[in-house]
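Okay, so subunit A shows up in both of these, paired with subunit B first and subunit C after.
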Partner chain A sequence: MERVGIVGYYQVKLYSNANYGRYEMIFEAVRGALDSAELKKKDITTVVSCTNDYYDGRTISNAFTVEVGGAYLEDESKVEMDGAHAVLYGLMRILSGNHKLAVIWGGSMASCFPYHSARLYETDPTWERPVAYVNDITASGFQMRAYMEKYNVDIEEIAKISVKNRKNASKNPLALEEAQNANLSVNDILNSEIYADPVRELMVAQPCDGVAALLLAPEKQALKITDKPVWITGVGYNQETYYLGDRDLSISNSMELAGKMAFDAAGIKEPKNEINIAELFEAYAHEELIFSEALGLAEKGKGSELNSEIDGDLPINPSGGAQGGNPPCATGLIRIIEAAKQLRGEANGYQVKGAKKAVASGQIGMCAQNNIVYVLEGGD
Partner chain B sequence: MGRQVAIISAGFSEHASKRSDVNMAELVNEAVNDCLKKVPSLSIKDIDAYVNGNMPAFEGANLPELWMTDWLGARNKPLIRVTTGGTTGGSVGIAGYYSVAAGLPGIDTVLAVAFEQQSQGDTSIGLSSVALGEISVLNTLGLPYEYLTRLMSAGGAIGLASYQAANYMNKSKIREEDLARVVVQNRRNAAKTWWSHLKMPNLTIEEVLDTPYISYPLRYGMVCPASDGACAVLFTTEEKAKDLCDTPVYVNGVASVAHESVIIGYDASGSAQLDPSEQLGAMKSSEIAYNQAGISFPRKEIDYAEVYSPFPNQELMWVEKLGLFEENTAPEMYENEVTSLNGELPICCSGGVNATNAIGASALERPAVAALQIMGKASNQVPKTVHTAIGHGWGGMLNLCTMMVLSDQQQRKWR
Partner chain C sequence: MSEKIIVANKGFVRAEFSFWVGRYMDKFYDAFENKKIIGNKCPKCEKRFVPPRKICGECYEEIIFDKNWVDLPDTGILLNYTITPYKVTDRTSRKVKKSQIIGMIQIEGSDTAIVYKLLNMEPEDISLGMKVKAEWEEKPIGNSADIKGFVKI
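Let's look at the complex of A and B:
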C-alpha cells in the first residue's frame, strides 16, 4: 500500500450540551483543519463526511452539510459509520489517484437526540427490537462478563482503565469536561450506577457533542503542504456476524482480522514491540483490554497487566480515549487525530516521548461488530 | 497510482410494492444471489470486501447491514456503509469502484449492494424530517407555525419535485403531453424488464393525462411507485475481470458533486440556488466523469443512458443537463423516438426509476442496467451494440448527483 499523508486536523471542544449548532461546529472543524495546513477551500478536491440520520434525528442529514463542510460543487460522499471509516473512504479516494486533497469530517450532537435510544434501531427488527432485552449497553454487559469469566479478570482491573483514561482526559483540553477527572479511585468507578451489570456508569464512554476534521493528501502533495506529515501506512477493517450468541464476546474477532490486514499492509511483524502508542475507540472500559489483546499488544487475557499509562511501556489512549468524550460519528476520527498529534509532538500536556509508530481504531455496532484499524508513522 | 476497475456482473431482486414474502435481509440476499449466479466461476467466498447502503429512515432500521451481515455473505469480511439520500445507490457503486481502485492489499473483488423495502415503513414520514429540521430556525425568523407544518409536504419528494417541474416547464415551454410521453415510454419498457415494478405494456398518453393531479404539474399517473427491491453489482480489477467474464465493463469515470441544498439553504437564511432545474451540481458531475473517461462529445460518444427520474420532467431535464441533448430539445427527442429502444440514443430501457423506485437501490440500478446493456445481457436489451453508457443518480434536496461512465474499452487516458 502506498503511504498517504495526514496534513492537517482540527477537533472542536467536546460538550455534553453545546450552546452552538451542528453546522457551526462542522464549519469550525473543517475551516480549522484547512487553516492548520494553511490551505484554502479551492484546494479541496473531495469531501467525505460522516453522520448518521438516526443520531442526527434527520433524514438525509448530509444534504444540508454541503456548504459548511466545504463540499459546495466538490466531489463528495458520506459514510454512515464511525468517523474512522470515513477516513478509509477518503484514503481510497486519494489512493485511486483521482483526488489530491481530501477533507474528512465526522460528528454529531448527542444532546439533540438521545444516542442510546437511537441505537435501539440498530437491533434485529423482528426478534430483538420488540422485546428490547438486547441493546448496545446490555450487550456490553454480556461482553464484559464473558471477558472476565474466560480470563479470570477482576472487575477492579477494568475499573482501573476508566481511572486511567479519565485521568488522561483531564490533561486533554479538548476532552469532555464531565469526563475530566484526575482524582477518581477504583471504588468511585465501582460505586457509580450500574448500567448493565457488571458495566458501571463511569465505564461507559459518554455520548456528547463534537465534530472533528482531517485532511489527507498523496505523498507528493503531503510533502509540499507540511514539514511534518503523519503517514498512514496500513489500514484494515472487518465486520463479524451480528447475533451475540454466534460470537465469542471475550475476544474481538473483527478487530483481530482488521489488525492483521493493517499490520500486513504496514509490514509490521511484532505489533507489541513495534507500536509505540495506541489510540483505541473503547465505547466501554473493558473493550480497551479486548482490543489491545486482539491487536497483539498484549497476550490474551493479560491486557490488564500491560502498563498503558502515558509514561508506561505502551501508552494506550493518552488523550483519554472515548472515555474522554464520545461524539457519535467522530470518536474514531478523533482517535486518528490524537495518534497523529502524538507522532507530530503536538499533544501538549499528554505527549508520549519518542513515539514513532501508532495504531488508531474505530468501531460500530453492538460489542464492536465492525472494527477499523490504522497504522500511522511519523515523519523523520 | 490507482487501478482500472471493471464491472463483471449485476443482479436484482424482484421489485413490487409489497414484498411481504421476504424481510429486508432476504430481499438483499435475492439480489446478491442473482448477481453471483451470473459469474459461475466465482463463489461468495471470493468476494474480498463489501459496500452497502440504503435509506435507513424508510424502514425504521438504523445500520441494517449489521444484522444482515450473513445474508450479504459478509461475515468476517471488510465492509463499509455509504448512504447519501436518493443518491445512496450511486454512492454505493462509486464506493465499490474506489474500494477496488485504491488497491488496498487483499481487496480486489468488491460487491456493492443497495436496497430499500419501503413497505416496512413510511417513506413520506421519513422524508418529512428533511424539512422539519429547519422549523425551529424558521420560527425564529417569524414564520407562523401553521405555515411551517406545510413544510412537511415540502419535505416529501413530491412538493420539491413539482416546484422543479414547474420551473422546468416554464423554461422549456413544454406541455403536459410531453411529460406523459416520457411516462408511456418508461412503463412500456418496464413491461419487458423481468424485475421491474409498474409493467404497463399498453399505456397511452391519454390514460396518463386522465389521472388526477397530485401536485401541479405532476399527475398520479406520472409519479414513480414506492417499491421494495435490491440491487447488487460486482466490481473487480481489470486482470480478474478478463478471466471471469466475456465482456468486462470498465468504469472509466465517476463523480458525485454536491450543490447547495435547494430553497431553504443550510441556515434558512435563503439560498443562492432558487431554480431547482438549474442543476450546477449535475453539470459539474458529468463534466468530471466525462473528463476522467476521456469523453469530449457526450452526444456522439454515449450510446445508452440510464438517468434517475422518478418524475418525467426530471428525465427531460437530466438528459439535457448531462450533455446528451441541447437545452430544451429533449421533449422533441422523445416525440421523434430518438430515445426509444430502437432509437439513436436509447434512454432508460429498463423502465427507469419512473416505473421502479426502491429508493436506496435506484441509483445503483442505473449503472447496473447500463453495464448489462454493454454486456448484451440486459432484460430489455437494445438491438444496437452499446460501447459507452452512463448511470446517473440524484438525491438530497435536489442538490446531490452521482455519475458513472461505463465502457467496453479501458480508460483512454489513464493518469
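Let's look at the complex of A and C:
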C-alpha cells in the first residue's frame, strides 16, 4: 500500500456534560489539528466527518457542521459509523491520488440524549424492538458471559482491565474526569452498580461529550508538512451478521479477520512480537480481552495473562482506552490519535518507551458487530 | 452564562414508522397466532433459522419462500443470560421493580438463538444448557410479544 501519513491531530478534553456547544467543540478540534501541523483552511482538499443522526437528534446531521469542520464550499461527506471508519474513507480519498490533505473529524455530545436507550433503535424493528430486551448494555451482558463461560475466565480478571484503564486515564489529561482514577480496586469495580450482569457500571466505557480530528496526507505531501509523520501501513475491516443469536459472542470473528487484513497489508507476521502498543476501542472491559486475543496479541482465553500495563510486555490502551471516555463517533478516531501520539513520543505522562509499531481499532454495532483495525508506524 | 439554557425537543413532530414485516416474518407471526414456532432452513448448508430468513448469509443462497420451512417445538435450550435492573428502553432513569432476567434461547431443532425474558425464575435457578418452554399470551395476535417469555421445564 502506498504510504499515507498522519500529519496532525487534536482531541478536545472529554466531559460528561461539556460547558460548550458541539459547533465550538468541532471547531476547536479541526482548528487544533490544522494548527498542530501549521496548516490553514485553504490547504484542506477534502473533509470526512463522522456523526450519527440519532445521536445528534437531527437528520443529515453533517448539514450543520460544514463551516466549523472546515468544509465551507468544499468537498465534504459523512460516515455514520465510528470515527475510525471515517479515517478509512479519508485514507481512500488520499489513495485516489486526488487529494493533498484530508481532514477527518468525528464526535458527538452524549449529554444531550439517553445514549443506551437510543441504541434500542439499532435493533430489528419488526422483531426485537417491540419487546425491547436488546440494547448495547444487555447485549454486552451476553457477550461477557459468553467469553467467561467459554474460556473459564473469572470476573476479577475482567475487572482488572477496568482498574488498569481507569488508572491509565488518570495520566491522560484529555480523558473524562469521572473515569480518571488511579486508586480503584478490583472490588470497587465488582461492587459498582450492575448494568447487565455480569457487566458492572465501571466496566462500561461511559458515553460522554467530545470531538477529535485527524489530518491525512499522501507521502510526498506528508514529508513536506512534518518531520514526524506516522504512516498507516495497514488497514483491515470486517463485519459479521446482525442477530446476536447467530453469532458466537465469546470471540470476535470480525476483529480477527480485520486484524489479519491489516497485518497482511503491513507485512506483520507475528503481531504479538512486532506490535509495541495497542489502542483498542473496548466499549466494555471484557472487549479488550476478546479483541487482543482476536488480534493475536494473546492466546484465546488468555488475554488476562498478558501484562498490558504502560510499562508491561505489550501495553494496551495506555491512554485509558474507551474506559477513559467514550464520545460516540469519536472513540475509535481517538484510539488512532493516541496510537499516533505514542509513535511520535507525544504521549506525555503515559508514553510507552520505544514504540515503533502500533495497532489501533474502532468498532460499531451490538457486541462490536463491525471492527476496523489500523497498523501505524512511526519514523520517516 | 449563569445557567445552561436547554431546549428540549420532545417529539413535537409525530413521525412514527409502521413497518410491514415482510413475507417471511408474516408467516412466522401467523404461526405465533396458533402458538407455534416455525423456522426455515438453508437449502445448501441446512442451517435452520429462527426467525426465518430470506437468504442464508454465509452461503448467499436464497431460501425459497414456498419451501424449506420447518415446524419446531416451543421448547429450547438456554445458551446465555443477563440480569438487568433497568428498563432496556430507558436505562438512565427508570429501574424496573424486579430485575429482569433476559435469556438467549436456542429453539430445539434450530441453529440460532432468540432473546426473551426468563419468567418465574430466580438467578439461582438458572443454569446454562437448561431446558425452557415458551409461555404464550392467552390470545396471541401475531407479534413478537405473543411469547411472554420462557419458563424452566
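Here are a few things to note about the model shown:
The rule is short, and it goes like this: the second predicted complex is superposed on the first by the 379 of 380 C-alpha atoms of A that agree within 3 Å, B and C clash if a C-alpha of one lies under 4 Å from a C-alpha of the other, contacts with A are read in each partner's own complex, and residues count from 1 in each chain.
In the analysis below, a contact is a pair of C-beta atoms (placed from the backbone, for glycine too) under 8 Å apart; a residue touches a chain by one contact, two chains touch by 3 or more.
It should be emphasised that the depicted structure is a prediction, and the values quoted were computed from it without experimental measurement.
Contacts of A:Ala196 after superposition: subunit C is touched, whereas subunit B is not reached. In the superposition on chain A, A:Pro125 makes contact with both subunit B and subunit C. When the shared chain is aligned, no partner comes close enough to touch A:Gln351: not subunit B, not subunit C. Contact with subunit C, but none with subunit B, is seen for A:Arg145 once the two complexes are overlaid on the shared chain. In the superposition on chain A, A:Glu76 makes contact with subunit B only, while subunit C stays out of contact range.
Touch criterion met: A:Asn238 reaches subunit B, while subunit C stays clear of it.
Once the two complexes are laid over each other on the shared chain, residue contacts for A:Gly57 go to subunit B and to subunit C alike.
Contact with subunit C, but none with subunit B, is seen for A:Ile137 once the two complexes are overlaid on the shared chain.
Which of subunit B and subunit C touches more residues of subunit A is settled by the count: it is B. Residue overlap on subunit A between the subunit B contacts of one complex and the subunit C contacts of the other covers 57, 125-126, 241, 243. If you check the complex, the residues on subunit C that touch subunit A are 4, 9, 17, 19, 21-22, 25, 49, 51, 57, 79-93, 99-100, 102, 104, 106, 112-117, 123, 128, 143-145. Remark: subunit A residues 1-2, 23, 52-54, 57-60, 62-68, 71-81, 85, 88-89, 91-93, 95-98, 118-119, 121-126, 218, 235-243, 253-254, 257-258, 261, 264-265, 364-366, 369-370 touch subunit B in the complex. On the subunit B side of its complex with subunit A, the touching residues are 1-3, 23-24, 50, 53, 55-57, 59-70, 74-86, 91, 94-95, 97-99, 101-106, 120, 126-130, 133, 254-261, 265-267, 280-281, 284-285, 288, 292, 395-397, 399-400, 415.
Residue ranges on subunit A touching subunit C, taken from their complex, read 19, 57, 114, 116-117, 120, 125-128, 130-135, 137-138, 141-142, 145-146, 149, 194-199, 241, 243-246, 249.
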